[in-house]
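Below is one structure; the comments refer to it alone.
In order of appearance the chains are A, B, C, D and E, and numbering begins at 1 in each one.
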Amino acid sequence: MAQNLTVKNQEIQIQGKVENPRVKMFKTMMGRLFQNKLAVVGGIFTFLLIFMALFSQYIAPYEPTEQNYELIMSPPSADHWFGTDELGRDIFSRVIYGAKVSLQAGLISVGIALAVGIPIGLISGYYRGFWDEYVIMRITDAMLAFPPLVLALSLAAVLGAGLKNAMIAIGIVLTPNFIRLIRAEVLAHREREYVEAGRATGLRDWRILLHHILPNTMAPIMVQATLAIAGAIISEASLSYLGLGTQPPTPSWGSMLAAGQGYLELAPWMALFPGVFIFLTVMSINLFGDGIRDMLDPKLK
Amino acid sequence: MLAKEKQQQQQQQQQPLLEVKGLKKYFSTGGTGFLNKNKKYVKAVDDLSFYVNEGETLGIVGESGCGKSTMGRAILQLQKPTEGQVLFQGKDISKFNAKQIRELRKDIQIIFQDPFGSLNQRMTVGSMLSEIVRVHKIVPKKEELKYIQQLLQDVGLNPEHYWRYPHEFSGGQRQRISIARALAVQPKLIVCDEAVSALDVSVQAQVLNLLQKLKNDYHLTYIFISHDLSVVKHISDRVGVMYLGKMMELSNKHMMYENPLHPYTKALFSAIPEVTTEGKKQRVILKGDVPSPLDIPTGCCFHTRCPLATDKCKMEMPEFREAEKGHFVACHYAGV
Amino acid sequence: NDASTGSKETKTSGSKTKLESKDTLVIGLDDDPPQLDPHMSSAAVDRQTFQSLYNKLVDVDENLDIIPELAKEWKITDEGKTYTFKLQENVVFHDGTPFNAEAVKFNFERMLDPDMGSPRKSEIASVSEVNVKGDYEIEIKLKEPYAPFLAALTDRAGMMVSPTAVKESGKDFANKPVGTGPYQLEERVTQSHINLTRFEDYWREEPKIKKIVIKPFSDADVRVTNLVSGDLDIINKVAYKDLEDLRNNENITLLEKDSLMFQGIQLNTKVAPFDNKKVRQALNYAIDREAITKVVFHGGAVPAISAFPSSSWASPDMEVPKVDVEKAKALLKESGVGKVSFTLKITPKPEEQQIAQMLQSMLKAADIDMEIEMVEFGTLLEQQDNGEFTALRLGWSGRTDPDGNIYSWFYTDAPLNKSFYSDAKVDELLTNARINSDQEERAKLYKEVSEILFEDAPYIFLYHEKDYKAMKKNVKGFNHISDTMIRTETMYFE
Amino acid sequence: MTTTQLEVKNLHVGFKSKKGFTTILNGVDFTVKKGETLCIVGESGCGKSLTSLSIMGLLPKTGQISEGQILFNGEDLSTKNQKEMSKIRGKEISMIFQEPMTSLNPVQTVGKQIEEVVRIHQKVGKKEAREKAIDMLRLVGIPAPEKRIDNYPHEMSGGMRQRVMIAMALTCNPKLLIADEPTTALDVTIQAQILELMDRLKTELDMSIMMITHDLGVVSEIADRVLVMYAGKVVEYSDVKTLFKKPKHPYTQGLIESIPKLNEEQDELPIIKGSVPSPENMPKGCRFSTRCKFAAPACFEKLPELVGEEGHKVSCWMYTDEWEKMTNHGGEAGNVSQRETTAAAAAAAAPTGS
Amino acid sequence: MFSFLIRRIGLMFVILFLVSIMIFSLVNVLPGDPARLILGQEATPEALEALRVEMGLNDPLVVQYFHWISNLIQGDFGNSVKDNTAVADILIAKIPVTLQLTIMSFIIALLIALPAGIISATRKGTLWDYSGTFFALSGVSLPPFWLGILLIYIFAVTLGWLPPSGYVSMKEDFVRSLTLMILPAITIGIRLSAELTRMLRSSLLEVLHADYIRTGYAKGLLEGAVIFKHALKNALIPVITVSGLQMATFLGGAVITETIFAVPGIGQLIVKSILSRDFPVVQGAVMFMAFAVIIINFLVDIAYSILDPRIKLTGGTK
């Protein structure tokens, strides 16, 4: 076949300046992202939260565990912006430290779900067959028949209270959703002509899976993942609220809320601020997720 | 023209490049459940036999759903045939293992219809092509870029398109990319599955010319699948007509277009709206719809719509026979 | 072990409280009583219901002195080894069968039956023989003198069930209780309500209230809300944060009484760092008990130094040490342990968490690192059993007789002695206190034990909770006794 | 009595977006006479559908008629509001679409969908409506219409569905039927059936048809007159015979030439180079100038008018008196003689029937 | 159709079987000895052992599982460890509570979601749409327990309009039952309506682009008629399916809401019994919930095929 190579040997001329395609892609994606104003707001807030979580010790005016029995449940003031709690701790500082827990919980549990869900979903969807239909799908069906919070609760109870275990539990609960989503995407894509073309050019299965199908399914996965992060933050807070999440004295928004609920009338700020922060965080991650959806959708200019 | 025919005849005496014998592809419907007793089959391709000689273009026409694409996929072993042999250069590739099939990909390629769906949206043209080149080790790494850019020029694109994503191209350009992808491994045979159907006429003409040119430049053999008879006729040397998974008629295109034997072929020809300045032509309008491939009529599968159908047609399946030299037809009455 | 915190409403001032005389008393309990068989019961909350359904052989009064109930009078002979009871006559069970000495014998045998697995068995383990001396006279022989015996009979072990009903219902007796009490069961829907009606053939004066409805509200806030603005007439246990509000509510009577319980930290004396006495002692000085009772309990608890709250006659007059960080540090230095760190296991209740976090910061001031680990109550007990802990937060609900508060906790190898504490002197004192039936002498013995225990510190006593009952102003006749029971018999609406 | 059913005058349609207003249709003029079939041809994206949607008043929300008139029976439809239009749609003007698969509501029986049209425009009872629906199905040649009426769209083949669409469109005897590529999605044998049906019904029901297609074969099959569009402009407007005999516009010529012919052997197809410019960078002058082999420099600058005698109009500088002047200024090719030869070549290329 | 039902039901049993195994293994690896819990702090080792034997806790897990499952098949869910009442009876007492909550929340959700979804889809890009979307997003982002607390604070603590928590059965006091349930129902309803609004909006937007909508206009229908006669039904089909699939999540939301508002439903029962290691109750209640989810999904599938004639009930798997 070597003769084909030398069929013609014209000079190859490249006209104009060639931009790095990835940079260009990135630019257009950013362009799409920035079109969605709310997503930008969400993104900025998310970024601030991450910043807050990373540098909490420099931002928080007090130690989150510093107790002051003279100042129990004092309302918001210049010294204590968000007031103090039932042990006289500064709620503002605790909220800032709580960001760490919440973000960690969101990211790690979704990370776990992705780490398990992506390979299983890919393989299950691509190869189909007995294992896919009768084992993996039925197990995910069964897992999805559980109310997620109940499953998370039971798992957290089994594993024992604590942030680490709560994250594992939430991760496990999220996994079947990802398996389903990824499998469905793979099923849709494996019939697409570009995959067939990939096979027709003699690519190996793993290469098609990892280099062709996976990147193309990334958009819905990313969107689902951001939404799942938001959901996982709420779940972690719920578990903490029920006493199965973060352990004291580590401040977590969920357990702060749980504590605050007992003092709704005496000190409403105790429940208010951690709640507001969960809400804002989840909201901005959701907004950001919407933005990512737009960003990854090549149909939008 | 005459020389070309002679050459073809010589080749016929040699071994054909690809030979398909009794190819069948059935799809079972209704899932794979264990509780499913009455499984039905879509007989998408049912007992196809034909050959393709090196350097020629075999056109396949037929209405939507008649199994053209399935045939193409079965030939490439993208879908394992249910039955039958596919001989490529004398070797039965339907028995190949995964590794052999990967090797085979260097020789047989396919171009798909959908200029949007057949390219990976998340890869640049360059990375897509270089992946193939690398996997099959077509050229040494340092020549890769040059090789691919050469390829892009050959299919009428610019070298700088190497760095572009598919969505930045028009339909016709994308089809050129697909062609480049198929050419990248320097195959012997390319199956074009409705490669120009989605394109506008002006662009279609451009791509058809390109395919012709590449065929000569790269010494290619085509199986050209289309539902457009004029396009098939334009590009092919021989033409096969399919109906409900079966080959109805197969012959040299001149014989076929000048003297179609099968009533279906005749009806098909007469149904094509043609640009004429004279009055409207006399046409055979077939009654009814194409039957569902789930329950194909008994006997001759065309008898439900055939203006000439007799009781024999309902009962007996006609044999795919050579009515004239090189002119095969599956009809009890044609050309007798 | 209920982690749900629920909502709250303490906005008492504005809400309307219905004050009307009725014939139904609605009681709000802190949990749903799991079952109604006193001999099988293990949940503390059950006992509240039992007060209405059953009579006990003997009862206690406000001073925790033993008074007659089903037993008219009794004699203790044979150096405290034989108890002879004269029983009330004309007492019938709700099913109409008579109450007599045979019935008492049946009850004791039921509790002692090894196949029953009755939790009461250990309370009356010293019983060796039960002899019917006449229709209404019964003699109970003990293996050895056991001073707390009578006190045990003031509670579930002294509650008499109908032998006929037991034979008929078998296991199902827990759902179809038959006693001699002032009220009998009408209906019970788990997690919802228990309805009792007045027992017409009751042997004492007919109670004034016709019906008792018992409803579980595990959420303290809901309980209070329902008292203030709902149908509840009296509630058991009040959240400490609500004390102030309730006290100020003119429609509510808030009753306060020292209870019998003690709370503290059980230390595992077998493992480091608490195998070192000085370290244990350091804890005693590093903790500000006063702060805990104020911050967490809003004054609803008092600092503790021994197992006996002031309501008990055994309460030693020892002064609770003030927090003394320097002393604690000094003790640590003496101990030679260096850096002390340990994990405290607690149950996940908000108050527990609060206490633990306070302890954590107090100990931190004395250079002791304490980690907090929350485990479910069941797990906590299991780990306690297996000695899988260095320190855990567990207290005791208390018993009428001081022995019940201390023997099984500190006697060598006693069932609750999970500190694995063993001291010959303590063992001897405790045994003597059991044999001796003279209260004054016993009190002296217990004081001595308390002093040793404070010195050895296998258990860090933190506080004694007070018991609170809140009821509508028009509810009268309630006798608040340190055993925290709601005795409905004498109650009435004004 | 006038013979004009519909007259579109200087129609400009465009889309609003964040970047501003993009004009897509740029001055479209044509008429549909009573009882005739007008075909609009052109490549994808040239604005065929947009034209028909403008007439129906069904432009997407972002779309807007910025200029021009649509006169139907003398009334200007472009000024009517939705409510007024709804009285015309389905009754006076009906429309059928390209995709018979998706143009019917999948969760309603076809009968219900036809009955609905009856009941919107005529005050009739349920039963009558149903009868009318059955009649219509029979009219469009669906066998056993009494049974078929209760079928759901998915239970029918593509051809049948397109028949249902036609039945629905014709229920109220409209004066004008707009058909937007009604056969593109169908197989040739079915397409032949549908085309025949439309032709038959046109005479039976005495209506005008405005048919949109990109298939010149279909045009020559069914049209009386043809409108060739390119990039939102009319480039040629003629009766069908003249057009195929003597196409004038280079685009029309190219289009006809680039179709492979059945009865002719060609080694290479004549092509129109390049592709349609996008609306954002439309050439300032003649919109075809970028692809035209005859283009003179002035073609890139000045927009030609649609000129010529009634019955064959073309929008190309070659057919104006100015052409001479334009080429004198240094056009690479093209003079009168050359344009004649091109036309002749095109005529020769045009098929002579079989 | 018939073979579909058979197949679907067969599948249901397979899933139920897997669910039962999961529940059982989960519950049995829960740390904490129920016998210890029952007998409490003062239990003697003998009493503990006796109880363990009686409860079958010493049997091998497989034996325990088959014991449990075979009883379950006969309708015997076992007895609560805590109070020895039959789990079935407990469940029966709880079902109406959760059902009432579910229905009330659904009504609230629909009352909000239908108009909100329709308005934001048909008025896409307007202020209406943005407010609808913002509402939907907030609803999804509000932690349910915080929303509950907030509602209590606003309506019960501050305004004093509604009771903060508790439950009375409808039979007992109809009006009070509804007033008590309204806050928890809003808590669940808002979240649900947020999700429904979102789904309905996107599904409607998709449908509104469909060709048959254009056909509807071309027939001469006005916008309202097109939306209600043609778009809505088509748009609701996926919404129903998806919300059916979300049933599990929804019931999960009830778990925490019931806990906050002290509504004695199945959710609260599960939380409590998990925390108190009442194994038979946990198993029974979770099994029941999973069963409910599976049945609902099954019904949704059937409803789906009724609503959408394109879906033939053949044996194919999804």
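The rule is simple: a contact is a pair of C-beta atoms (placed from the backbone, for glycine too) under 8 Å apart; a residue touches a chain by one contact, two chains touch by 3 or more.
Composition by chain, UniProt nomenclature: A, E = ABC transporter permease; B = Dipeptide ABC transporter ATP-binding protein; D = ABC transporter ATP-binding protein.
Note that the structure is a prediction, hence the values are computed from the model and not measured.
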Enumerate, in label order, the chains that touch subunit A (ABC transporter permease) and subunit C alike.
E
Going only between touching chains, how few steps reach subunit E (ABC transporter permease) from subunit A (ABC transporter permease)?
1
Identify the chain pair with more contacting C-beta pairs: D-E or C-E.
C-E
Which chain's mean C-alpha position is the greatest distance from subunit C's?
D
Centroid of subunit A (ABC transporter permease) to centroid of subunit D, CA atoms only: how many Å?
50
Quick one: subunit B and subunit C, Cα centre-to-centre, how many Å?
89
Per the C-alpha means, the centres of subunit B and subunit D lie apart by a whole-Å value of 32
Starting from the mean Cα coordinates of subunit C and subunit D, work out the distance between those two points in Å.
92
In subunit D, which residues are in touch with two or more of the other chains?
none
What are the residues of subunit C that contact at least two other chains?
3-4, 6-9, 11, 221, 375-376
Shared-contact residues (touching 2 or more other chains) in subunit E (ABC transporter permease)
31, 149, 152, 157, 259-260, 271, 275, 317
Tell me, which parts of subunit A (ABC transporter permease) touch subunit B in their complex?
1, 4-5, 7-10, 12-16, 18-21, 25, 133, 192-194, 196-204, 207, 211-212, 215-216, 218, 298
Once bound in the complex, which stretches of subunit B touch subunit A (ABC transporter permease)?
32, 73, 76, 78, 101-106, 109-110, 112-114, 117-124, 126, 131-132, 135-136, 139, 146-147, 149-150, 153-154, 158-160, 162-165, 167, 178, 181-182, 184-186, 217-219
Contact footprint of subunit A (ABC transporter permease) on subunit E (ABC transporter permease) as seen in their complex:
11, 14-15, 18-19, 22, 26-27, 29-31, 137-138, 140-146, 149-150, 152-153, 157, 245, 248-256, 259-260, 267, 270-271, 274-275, 282, 286, 289-291, 293-294, 297, 317
Under the touch definition given earlier, write down the residues of subunit E (ABC transporter permease) that touch subunit D in their complex.
124, 210-212, 214-223, 229-230, 233-234, 237, 307-310
Sites on subunit C touched by subunit A (ABC transporter permease) in the complex
3-11, 221, 239, 241, 291, 294-295, 348-350, 353-354, 356-358, 360-361, 372-376
